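Think of it as A, B, C and D in the order they're written, each chain with its own count starting at 1.
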Amino acid sequence: MLGISVIGYGYWGPNLVRNFSQVANARVVSVCDQRPERRAHVESVYPAIRTCADVRDVWSNPAVDAVAIATPVFSHFDLALQALRAGKHVFVEKPFTTTSAQAEQLVEEAEKRQLTLMVDHTFVYTSAVRKIKELIDNGSTGKIYYYDSVRVNLGLFQHDVNVLWDLAVHDLSIMDYLFERSPVTIAATGMAHVPGQPENLAYLTCYFDNDLIAHFHVNWLAPVKVRQTLIGGAQKMIVYDDIEMSEKIKVYDKGITLSDNPADIYQLKVGYRAGDMWAPRLDNIEALQIEANHFADCIANKRKPLTDGTVGLRVVRILEAASQSIAQRGAPINL
Amino acid sequence: MLGISVIGYGYWGPNLVRNFSQVANARVVSVCDQRPERRAHVESVYPAIRTCADVRDVWSNPAVDAVAIATPVFSHFDLALQALRAGKHVFVEKPFTTTSAQAEQLVEEAEKRQLTLMVDHTFVYTSAVRKIKELIDNGSTGKIYYYDSVRVNLGLFQHDVNVLWDLAVHDLSIMDYLFERSPVTIAATGMAHVPGQPENLAYLTCYFDNDLIAHFHVNWLAPVKVRQTLIGGAQKMIVYDDIEMSEKIKVYDKGITLSDNPADIYQLKVGYRAGDMWAPRLDNIEALQIEANHFADCIANKRKPLTDGTVGLRVVRILEAASQSIAQRGAPINL
Amino acid sequence: MLGISVIGYGYWGPNLVRNFSQVANARVVSVCDQRPERRAHVESVYPAIRTCADVRDVWSNPAVDAVAIATPVFSHFDLALQALRAGKHVFVEKPFTTTSAQAEQLVEEAEKRQLTLMVDHTFVYTSAVRKIKELIDNGSTGKIYYYDSVRVNLGLFQHDVNVLWDLAVHDLSIMDYLFERSPVTIAATGMAHVPGQPENLAYLTCYFDNDLIAHFHVNWLAPVKVRQTLIGGAQKMIVYDDIEMSEKIKVYDKGITLSDNPADIYQLKVGYRAGDMWAPRLDNIEALQIEANHFADCIANKRKPLTDGTVGLRVVRILEAASQSIAQRGAPINL
Amino acid sequence: MLGISVIGYGYWGPNLVRNFSQVANARVVSVCDQRPERRAHVESVYPAIRTCADVRDVWSNPAVDAVAIATPVFSHFDLALQALRAGKHVFVEKPFTTTSAQAEQLVEEAEKRQLTLMVDHTFVYTSAVRKIKELIDNGSTGKIYYYDSVRVNLGLFQHDVNVLWDLAVHDLSIMDYLFERSPVTIAATGMAHVPGQPENLAYLTCYFDNDLIAHFHVNWLAPVKVRQTLIGGAQKMIVYDDIEMSEKIKVYDKGITLSDNPADIYQLKVGYRAGDMWAPRLDNIEALQIEANHFADCIANKRKPLTDGTVGLRVVRILEAASQSIAQRGAPINL
């Protein structure tokens, strides 16, 4: 029986407790939060779970094999490092850390101690993203030309990180999973409209070593909620709309065809192909449930998590470079 | 009676003939196109309009007071210059020219000869864009934070210009009209997926001398047609969707409020305000009709067109800088 | 402190327990369900709530002042009658009863004993429906011409009632609330596609004593979920789409104008008016929470619930007549 | 060369002239309209087409082999009869006639004289409807359970016919084409909100000799334009939305499954199946073009048109019965 402690019981913590509670051969031993009212909430809903205000009670508890860290970003590194040093497996919220140096140190520490270190890149575990991965891997889409994502809404300005670290981290983790390769150069632009606060709107371009290009628009100050990704492949193009209730993924049999005919200035050698559209059925399983089981399974069977620390590190490297590029109004940064 | 000649009868020329034919006190005297089948088409539909294959027949025709140029972009400069030198007023398709030097020369030539020079920035004359202008100018939106536009679809790859010159020119002309100011720095990224062809997908950021930021996504290789602009103001936010049949403009009474309370790391000093949404009724008049009348009126009354050569020049300067920035993977270019 | 017992812990019962638990000056004393696994579920989540398998334990419990009945329709009458006779106030799920005679008897019994009898017509307590009511009552819409509702989806075939009793009951309760008057004649058509089962698709028309007409389409066998109501008024028309996340209600300044001009056969004397569209902001409060508070308040202050037994009776009368009309392929039934 | 005369040049006449002009081996000889300004319009756009004010000039013109009648409904019968008696083939707008007796007489007259008589049921010739027909005929949908159509908008109140004759005629012609069978009983309800005018809103149910049921909602007084049809089959369900630009037809692999397990009151024996959605590519050909060619082909090769007079008669019979049923508030009428 795997004993888990959840550290931080704010917005996301309750989801972690609920999902880890449903993992077979695991149980939530304790919840740690400095705020008395949050601990009281845990106690009323889950009388069987212990609460504490001091993380040292977690480190010292032999019933705790693993911790799930859902605290503000700036504290991830310290807590994760302490946890690993206390011999606990670690599941940590996104974004992994605030610098790539921190991420590297955690990856090293986990390896040295042979502990499981996993980053909560939730979207990678959704039916929608897994279906897209399948369509790319089985050749349906053909070569991918571009990945374009818009993730905007009104709300939840963060103080310690800009909007890229808050929202684009989702899309970067999806991109990392789908393409299994890292960009070579990035360029980002953005703006902070609230004095003294980080950028609330940003645009990020990722260049790869071929003609694949990825672009991300994230915004905390939009009047409507948009979660739309366009993926252009040589054979098929995909629209992934995470707000759609029923058809989140639409696969278009559309594209261009290139002809070899000599063409004068009025004739285009590019032709267009438009066929059927298809929206595959998606399983309706909560991603976090799959993820919680995957974490437990990786610990039990000493397997590498799909979204391990090195994945988290790759994403943090892009975010770090993006912040640099924004400060230089889009100047390209090589990774 | 103003005599007009339309030069180039391809995709857009028929719209020019149809709309200039309906202008009071004006008539379409001739249509010039090198292709016999295009001339034959004009002759069958408009028996009263003369056709010719050589533009010199236009320049020498005393019944022609003004020309409307709807030929491929690379030929705009030469034709417009010849027309001005022949003493004709000029209405020219977007994009105005292929370089800012050309645009400057045309502006100068027209001024010297006191001829009307107008660029066909059609969207500026639509009810939707004029309503947005009204909402900005009368203070409804409050200070504008950002302008974000997506204009993507499958099709019509151009050979002589990249996708920014083809599609973003629309959005840049709208931006110029709405804000009446030029960006100070731009940064652009993009990619050409067809070997030997210009960029078919591009992203452009415009920085102004305050915290206004504008961003444009244009794409010839998208599976769906999107024409959506988000405009974020301090008091109201606007969604302008040109594909909507009935409610092209939606005005959201949404935004943030800033509090002065001391806030710790867990408390945000940013509040959110969400009120009603309102979609103003828009007139259903063809923009090109308004534009054609405006051109005739400017000639008759020696007024400066709303979208004159200097406006066209400003837009070309941005496009020129954007192409430079793309070549440097997003490096910022000061205007 | 009002003591409440929830009878029936299937699909809706948990919502009742959760919402009544949050009512000030009330507490959920017990939950009654014949199924051991449902009782076990209550016990694990709500250790403080007693459970029982036999309703006689509810009737005899002096700590129970009121019951909320969420059992299959056929059992509503018996349980509500027993509850009233045991001196308990009654909150009962929709549809109220399976016959109007039963509904009449319950209304009478409650009156005789001066007990509160309320039917769970949830939609009447939503922000959307209350906003529509406000727009009708304050004269915004003008005289109402028609009410047209579509409520279709795939799923949840019922055995003991047809689709009208399951789905149209929502719309009939909304109609009753909005118009505060009963239809004089109804006509209904429908079809049962599963042998031995009730109608899974039905259409119902309600005639009033003026030219108001209401129509309902309900369907358990539709490929898409639709929850759309059109309300046509002389001054304004409303579209109420309950599936929309953000703008559930859209108010259109559209309509017809009648001219007195003599008109020949080719000229229409009907003109059309099209103005702005407006989507009022709606509060985001759970309707059942408002309803639970209202029930407690009515008991405490001896007020008549907005959706009391006589409202439930009116709705059942229409459903009863509709079933008759369906059996006669649409023959009109006077109420 | 087939000579065609178009009678009536109002809303639809120009479309007929344009499309018949493009039929190979046919030409539009003349256009007849009583209104001088409409004739002048024809003359300016089509200098080669003769115009006349008196239909007798059409009947007596030996260059006219066939007529296309696009006049108000009440005049269809007289004009078509005169045309047939003058030996002309007849293409007539929908609705065919105002009574079934008239329709019968025209069918008879055409047969007697061996002339082609075709009704303009345009939707039958659209790619969307033909694709649905194909999916039904090749067994994809399985047995059809229901056909439900909504065709509503603001506008174009007619004087001489009610909204069923104006709008439902489209859906009835589609239904006739898809199912190739006639309903046995119909029931209709509706309301006239403008004094002295026909019903502007109506609902029609068609019963067949099995458990297929069809329902139509038509409305001239709706704030939004809706053109949506749901078709429920045992294997697949179709949503046909004629307002959609790109995906007019969506085919859902959804439905119910019936189990033989003994089921108690809480267990449903109906299961649900939800699979992929698929939107087939549709040709982008104007339906009226196909129809015009079909008419010319039927005349040339003495073939029976797909939408001949007997089809028009079947649709008129339903409309006639519907008007009777409306007058009796939904009373069923056997055909």
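By definition in this document, contacts are C-beta pairs under 8 Å (C-beta built on N, C-alpha and C of every residue); 3 or more make two chains touch, one makes a residue touch a chain.
Fair warning: this is a prediction, and the values are worked out from it, not measured in the lab.
Farthest from chain A in terms of Cα centroid separation is D. Two chain pairs, A-C and A-D, are weighed by contacting C-beta pairs, with A-D ahead.
The distance from the centre of chain B to the centre of chain D, with each centre set as the mean of the Cα atoms, comes to 42 Å.
Each chain gets one centre point, the mean of its Cα atoms, and the points for chain A and chain C are 42 Å apart.
Averaged C-alpha coordinates give centres for chain A and chain D that are 53 Å from one another. In chain A, the positions touching at least two other chains are 224, 246, 274. The touching residues of chain C, counted against chain B in their complex, run 246-247, 253, 274-281. Of all residues in chain D, only 45, 47, 224-225, 243, 245-246 touch chain B in the complex they form. Taken in their complex, chain D has these residues touching chain C: 10, 72, 74, 145-146, 148, 150, 152, 154-160, 185, 187, 189-194, 197, 201, 203, 205, 207, 211, 213, 215, 217, 219, 221-224, 230, 232, 237-239, 250, 252, 254-256, 258, 263, 265-266, 268, 270, 272, 274, 325, 328-332.
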